[in-house]
Amino acid sequence: MKNWVQVFSVIDFISAGILVTAVSINTFKRIEPCVKAYTLNSWLLSSLTAVAAFMTGEVHLYAASVVTFLSKGILIPMFLRRIVRQIKATHDVEPYISNALSLTISGILVVVVYAALKEGIFVTGLSKHVLQISIAVILIGLFIMITRKKAIIQVIGLLFMENGLFLSGFALTFGMPLIIELGVLFDMLMGVIILGIFVIQIRKAFASSDLDKLTTLKG
Amino acid sequence: MGIENYFAAGIFFFLLGAVMSCVLSGKAQNYTYVLSAIGAVNLIIAGLYLSAGTLISVPSIPITPALEFSFQGDALSGFFVTVISILTLAVSIYSVGYTKNIGNQGLMGFLYNLFILSMYAVVLSGNIITFLISWETMSVVSYFLVTFDRDEKSAKAGLLYAVMTHIGTAFIIILFLALYKYTGHMDFSGMRAASAGIPKDLKTMIFIFSIIGFGTKAGIIPFHTWLPRAHPTAPSNISSLMSGVMIKTGIYGFIRINMDVLGHGPEWWGITIIVIGAVSSVIGVLYALMEHDIKKLLAYHSIENIGIILLGIGSSMMFGSNGMYTLSAIALIAGLYHTLNHAIFKGLLFLGAGSIMHATHTKNMEDMGGLIKPMPYTGLFFLIGSVSICALPPFNGFVSEWLTYQALLLGFNAPSITSKIISPLGGAALALTGALAAACFVKAFGISFLGVPRSPHAQDAKESSASMIVGMAILAVLCLMAGIFPGTVIGVISPSVIALTGSDGNISYNGLLSIGKTFSSLAPAAILISMLCIGAAIAVFIIAAGKRKTVYADSWDCGMPSLTSRMQYTATAFTKPIRLIFKRIYLPKRELSISYILKPLFVRSLRYSGEITPFFERYMYEPLTAFIRSAASKARMLQSGNLNLYLGYILITLMLLLIFGI
Amino acid sequence: MEYLQFLIIILFSPLLNGIIKKFKAYMQGRIGPGIFQPYFDLIRLFRKDMVVSVVASWIFKATPYIVMTSVIAASLIIPVITLKSPFGMIGDVIALIYILALGRFFMALAGLDTGTAFGGEGSSREMTVAVLVEPMMMLSIFTAAVSAGSTNIARIAETQNMLYSPSHILALAAFIVAVVAETGRIPVDNPDTHLELTMIHEGMLLEYSGRYLALMEWAHYIKQMLLFTITADIFFPAGISYTTEIYGLVLSTGVYILKMLCFAATMALIESSRAKIRFFQLPSLLGGAFVLALLSLVIHIMMGGK
Amino acid sequence: MVLILSIPVVTAVICYLLKSPKLVGYASLAGAAALAFAALPVIISAISSPAEMMNGVLYMDALSGYIMALVIFLSLASAAYSIGYLDHEMKVGLTGASGVRRYYALLHLFIFTMLLVTAANNLALMWIAIEATTIVSALLIGLGFSKRSLAIEAAWKYIILCTVGITFALLGIFITYYATTAVMGGQGALNWTTIRSIAPKLNPATMKLAFIFILVGYGTKAGLAPVHNWLPDAHSEAPSPISALLSGILLNTAFYGIMRFISITDPSTGSVFTGNLLILFGLISMGISSVFILVQVNYKRLLAYSSIEHMGIISLGIGIGGPVGVYGALLHIMNHALSKPLMFFVSGRIQAHYGSTKIENVNGVLSSMPLAGTLAFIGALSLAGTPPFNIFISEFTVLRAAVDNGLWAIAGLFLLFAAFVFYGMLSAFGRMLFGGRNAARVQGDEKSGQIVAASGFSLSMSSVLNNGIMILLASLIVVLGFTVPGFIDGTIRTCVNILGVK
């Protein structure tokens, strides 16, 4: 009774949305929209999981989607906002390169991924695109981290990488065993919290959250 | 009592000495060196046994199952053990008195014994891993001894030494591993057995690497730069060991690999070594002439003598590859004989230098002078050492150089024109070296021991303590003995020579050292005796001529009263003609600095300062190190401290791997 | 008889020096002192008292004996009128050169011993000259030794009877330069001067007087004759007797006298025809000689000689 | 097994709750000791007979036993060393009681995570554990007694880079999981033992991809150049006992993950692929680190770079492969894990005495603190790969493996870089150790008095432990330079078999 074709396209749509939210980071000049983009991205991720769960009827996928929603969709964004408020940073992203350039580069990344992951290596039951997109998201996250000066943005970039990671895990394997998912999630959560603490520390120690202040250790 | 027991006893005594010197304190600490002396005596006996051809091999101890310690000795090792032990005996006795006035005696005694043991280990090691470990242990311990004073200067010298010898070791490791790969054996005897299977080019590589690796330790030009820095900074008893025997381990390794393991190589190997030897000897002595730091001077002479040794070994290889085993044997005997001699007289000279520094607290000859009066014994022994190193009859240096001359002269028997010409040229180089050495030691002895004291230190110098004198006396006597009884020495050498070349060079020695190949002969003993008789005759003649009065007066001062010590010829002045004649090599610089009262009319003072350019340092090593350093400093850009950059590295690495990896 | 042939050198060396002086005088149009003058000088010196510097050590006193000993020991080795010298076996030409070097070594030390500038200057220059001379001497001897296949003097003398190859002539030329330098003659050194700027050998003897000086002078005469003799042995061995029967000895004695006279004449000729050259010109002269010696050797080997 | 894992956690809690800083120290030491006693039998049995625990989540065999033994030994060592170290830090007022408590608690959590890495059979669990080590140790570095801001900077870089890297590792694990699903159908496997059994059937292309991600991911953590950049900062800014743990064993646990992966990758892709990658990383690591050692001005960074060099040597050995190469690499892991902590301990003492980590501010150590100076020399020479010390043996073994396989170029480069390192090490430490006696320069005089007192040989319990542990390490270094005891040798050989080297 399910309309497979429709479902497939749904998954593709959602994953496309994930990609778009990821790419969109390149365009923002301020921090808040980035956080928003991340929230959206997480919601899309969890909904994707939910759809897949509905499709395959795997229970643990439902659980995974819920957990994802709670942690990535609610908790972390809140946390991020608090940090942003706390550090009272000038809310500019301060990229090293112009947004236009970074947009093009991340576009190129996507193309590279599509080129690199040739058909045939991975045949996932769901879609041809999800894996490519997920890896693209990972790389874009890394790219964001490379090109932005603000510490907080790096955290966001990292979070995007993780979302991409989850997506890829999902694409490859319908998700890991739940316990593993949870463990990984927990780890991530801890990591983000610690990072947040450090962001604040940096703010305290250097009176700025720009990374180009953090270049005392060299050579 | 079998040979093993002598070894065991000797090693035990050295270990005991090492321990005791740490345990004991005060005066007793000095006397721990007596233990080392006893150990040395034992090992002299053991070494003589060994060199007589009794083989020993100790059961091997596994490090990892793949690698194991194994010691085994043959005639060659025996000879080197003997050489090391002889010098050790004298130096140990000397050290009893010498170490009284150096700090941290416990450490000194410990390292001293360890150093000697490591040298034994090197010449006795049976496989490559044992050799390498002993070899590097020797280097490390000697590094600590070089830096014993712990001041900046010695630290620098030690660093240079350690690094150069380490690089040398790297080459040795490669050539050992190459041998191992192609012979499948790690022990030398196995390698020797299987050495036929080694491809020709690889043999060449091994030969070249062995020149670099062992040559660095032996201090051949141009790998010598560490030597004149490291040897002087060490305490004198140590520098005497280093110069006397440690650098000989390089010679040992070279012979072991190129003459024993590899057998006979192509002719050009030998010729190369002859050329290297000639260059080293001449350049070494030339630089020695310009040194006024007495220990540096001696160190440069070590380079020279290594060159002379290589002349012998090189021609031996050259003959060997042409299948002329008799001649090869003669040449090798010459080389090994000089190895022994150099150990003796260079040891003696360094000990003498030690006594001088002990008495005058300076290494600079320009501040010495007239020392022969306050310290007559030291003076006499230093004189004997100088005469021996200048290869003047009837002392030992002469015999070995005579043999070397014979070997080089016999080069005309070689088939190829090159070796026909190269060997006599080697002879000419040897003659030049001899003359320069004579000049150098006239300077060294004349300036420091004769004339008027040039400084208050020299003025109130005291003769050194009894044990030091005894230590030197032993070596001085040996200088004479090895000079007039060549038969005995050759008796010790010939088993290893026979083992290596398969011939005894048909040198007969019934009081008269005659080489069957040429009809040349030498009877050092007879020369000595005749000299004594003649001297006596002259004395008689003088006495017969009747008694005459001897008036003591000032030296001729050209009529202007009171010669001061500043009017004497200085060491710098003495060597000036040679400096000018060989200016193409020395590249001497002199600058004149004038300070004026009223420029340009009234001059307050004029200062001349001159120096010679240390060619190899200036044009070989300094540019190289400078380049490496600058390159390294540029490379530090990679770690700029920017996190984004580091993240970039990760991305790039990943990308490259994804693109090229799969 | 053959045991005593070295006495010839010891006894007649002053005479030879006198003869050279006489020749020189003739060439310079003087009458000059008698040929026995050196003997009278020596005797006079032996009679005199000695003045010794207070600075001097035992080296200074020992040196005359050592120098004398070395030259006599050297003259033991070489064959003078017969090759059947019993002492010939105890040393060869290399030994001979090094025995002479022993004497020089101590002479140089003695020069430094008294702490005067002249002594130092003399010994410094002496050693420098030695540095330049010895290699070339060796090389030129090598040429002969190589063709003889031995360094034993008698052997060398046997194997070649006449100058038969260009290489020998070159070697001889080099060797003569060496002899000139070793005997301290013009153009290298001036034996009759006491002007400090020029003296080399005399500089070292400056502090000596009385019998020590006599010994030194005599030793110098002996060394000179020794060098002539060895030149004769190596390059013109012709006429020297191989055996010891009396007839041969007489003949070879005659020949020997002739040779010595020739040498004396040559030396006189050189000394009076040339001026002493500056000290720092020496390298060019001696270096040139070195090149000659080298050439001679190379040619000899190229000729595939023995 | 659970017991073993629980001990450190409990100790951590206790340490956090205890009030008096002195007590905390000894409590932590006791905890470490207890851990050692508890673990010893398990490890021994594991070496002889591999065992799965907790239905296959945990797994112990010789390899994990080997690494775990090193972990525990070093934990004990640094726990013992920490006491004296923290005493001094408190004396000079760089930290307070709360800092000390936090330090010990984190230390034991850190130990726990590392134990978990070695014991994990489930690859994902291993990943979680490794990530956990990053987080905990980042906090430890962040404590940064000496200079707050630098410590934070170092910790920040450390955590960011390692998390990013390790993210890729997780991707690699997913891919592996996918590969196994392809083989097993339906549910894939994550347990190393299971994957090992089906390894030959895995799709090579997939596994290649997976391995590249794993290599970059764990490689970052293991400090392989060119993704090593966090390492010098973190190691130089962390408290000395922590630096010792970081470079002594943490890097090895990360590399342990790589080794586990190699043993499941090789059967499908063939060992050439992984081998070449590892050789490449190894050479780059040696090259870069040697160059940096040559011109280093800060001795703790110098030691950090030397860690990179030694990780390079290890990966070179594994990459060259063959029994000899792998044996050498595994032996090298142990040797490095003995020498490097010694050096960090000593450098901690030196830093305490001279109050600076700049080489030019330190000189005359041999005169001012003879014991530390001597030990420093032993350590430095052994790190420079000089006989008769332990590291020479393993380096020589690796070199021999290279020559056995005819990799002359690699052997040549190896020796070249080794020479650079030797020069750098010796010049740096020569400058520090020799020279005249002079008191602490950077610290003010009024302070330096008590500093000397703190670092001098007052026969307090702490300093006895402090010296004792360093002397123990040094003597081990010397002994292992002459012989490798039979049981160690046996263990390593079993590990070689486990890594599936024929």
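Read from first to last, the chains carry the letters A, B, C and D; within each, the first residue is number 1.
One rule holds in what follows: a contact is a pair of C-beta atoms (placed from the backbone, for glycine too) under 8 Å apart; a residue touches a chain by one contact, two chains touch by 3 or more.
The structure presented is a predicted model; accordingly, all values stated were derived computationally and were not measured.
**Q** Shared touching chains for chain A and chain C?
**A** B
**Q** For chain A, which other chain has the most distant CA centre?
**A** Farthest from chain A by mean C-alpha position: C.
**Q** If you average the Cα atoms of each chain, whose average lands nearest the overall Cα average?
**A** B
**Q** Any chance you could check whether B-D or A-B wins on number of contacting C-beta pairs?
**A** More C-beta contacts join the chains of B-D.
**Q** When the C-alpha atoms of chain B and chain D are each averaged to a single point, how far apart are the two points in Å?
**A** That gives a centre separation of 44 Å.
**Q** List the centre-to-centre spacing of chain C and chain D in whole Å, with centres computed as mean CA coordinates.
**A** Averaging C-alpha atoms per chain gives centres 78 Å apart.
**Q** Once you find the CA centre of chain A and the CA centre of chain B, what distance in Å lies between them?
**A** Measuring from centre to centre gives 70 Å for this pair.
**Q** What is the distance, in whole Å, between the centres of chain A and chain D, each centre taken as the mean of its C-alpha atoms?
**A** So the centre of chain A lies 32 Å away from the centre of chain D.
**Q** Touching at least two other chains at once: which residues of chain B meet that condition?
**A** 636, 639, 641, 643, 647, 650, 658, in rising order.
**Q** Would you mind listing the residues of chain D that make contact with two or more other chains?
**A** Those would be 156-157, 160, 164, 168, 205, 209, 232-233, 292, 295.
**Q** Counting only residues that touch at least two other chains, what does the list for chain C look like?
**A** none
**Q** Name the touching chain pairs, please: which are they?
**A** Here the touching chain pairs work out to A-B, A-D, B-C, B-D.
**Q** In the complex, go through chain B and note every residue touching chain A.
**A** Of all residues in chain B, those touching chain A are 636, 639-644, 647-648, 650-651, 655, 658-659.
**Q** Mind listing the chain A positions that touch chain B in their complex?
**A** That would be residues 96, 112, 116, 139, 142-143, 145-149, 154, 211-212, 214-219 of chain A.
**Q** Chain D touches which residues of chain A in the complex?
**A** Residues in contact with chain D: 121-122, 135, 138, 142, 145, 151, 154, 158, 161-162, 165, 168-169, 172-173, 176-177, 180, 183-184, 187, 190-191, 194-195, 198, 201-202, 205-206, 214, 216-217, 219.
**Q** Which part of chain C faces chain B closely enough to touch in the complex?
**A** 46-59, 65-66, 68-70, 72-73, 76, 87, 89-92, 94-95, 98-99, 101-102, 104-105, 108-109, 111-121, 123-125, 127-128, 130-139, 142, 145-146, 149-152, 155, 206-207, 210-211, 215, 279-280, 283, 294, 297-298, 301-302, 306
**Q** Give the list of chain D residues in touch with chain B in this complex.
**A** 156-157, 160-161, 164-165, 168, 205, 208-209, 212-213, 215-216, 220, 226-227, 229-230, 232-233, 277, 288, 291-292, 294-295, 324, 327, 331, 364, 366-367, 377, 381, 386-388, 392-393, 396-397, 399-400, 403-404, 406, 411-412, 415-416, 418-420, 422-423, 426-427, 430-431, 434-436, 481-484, 489
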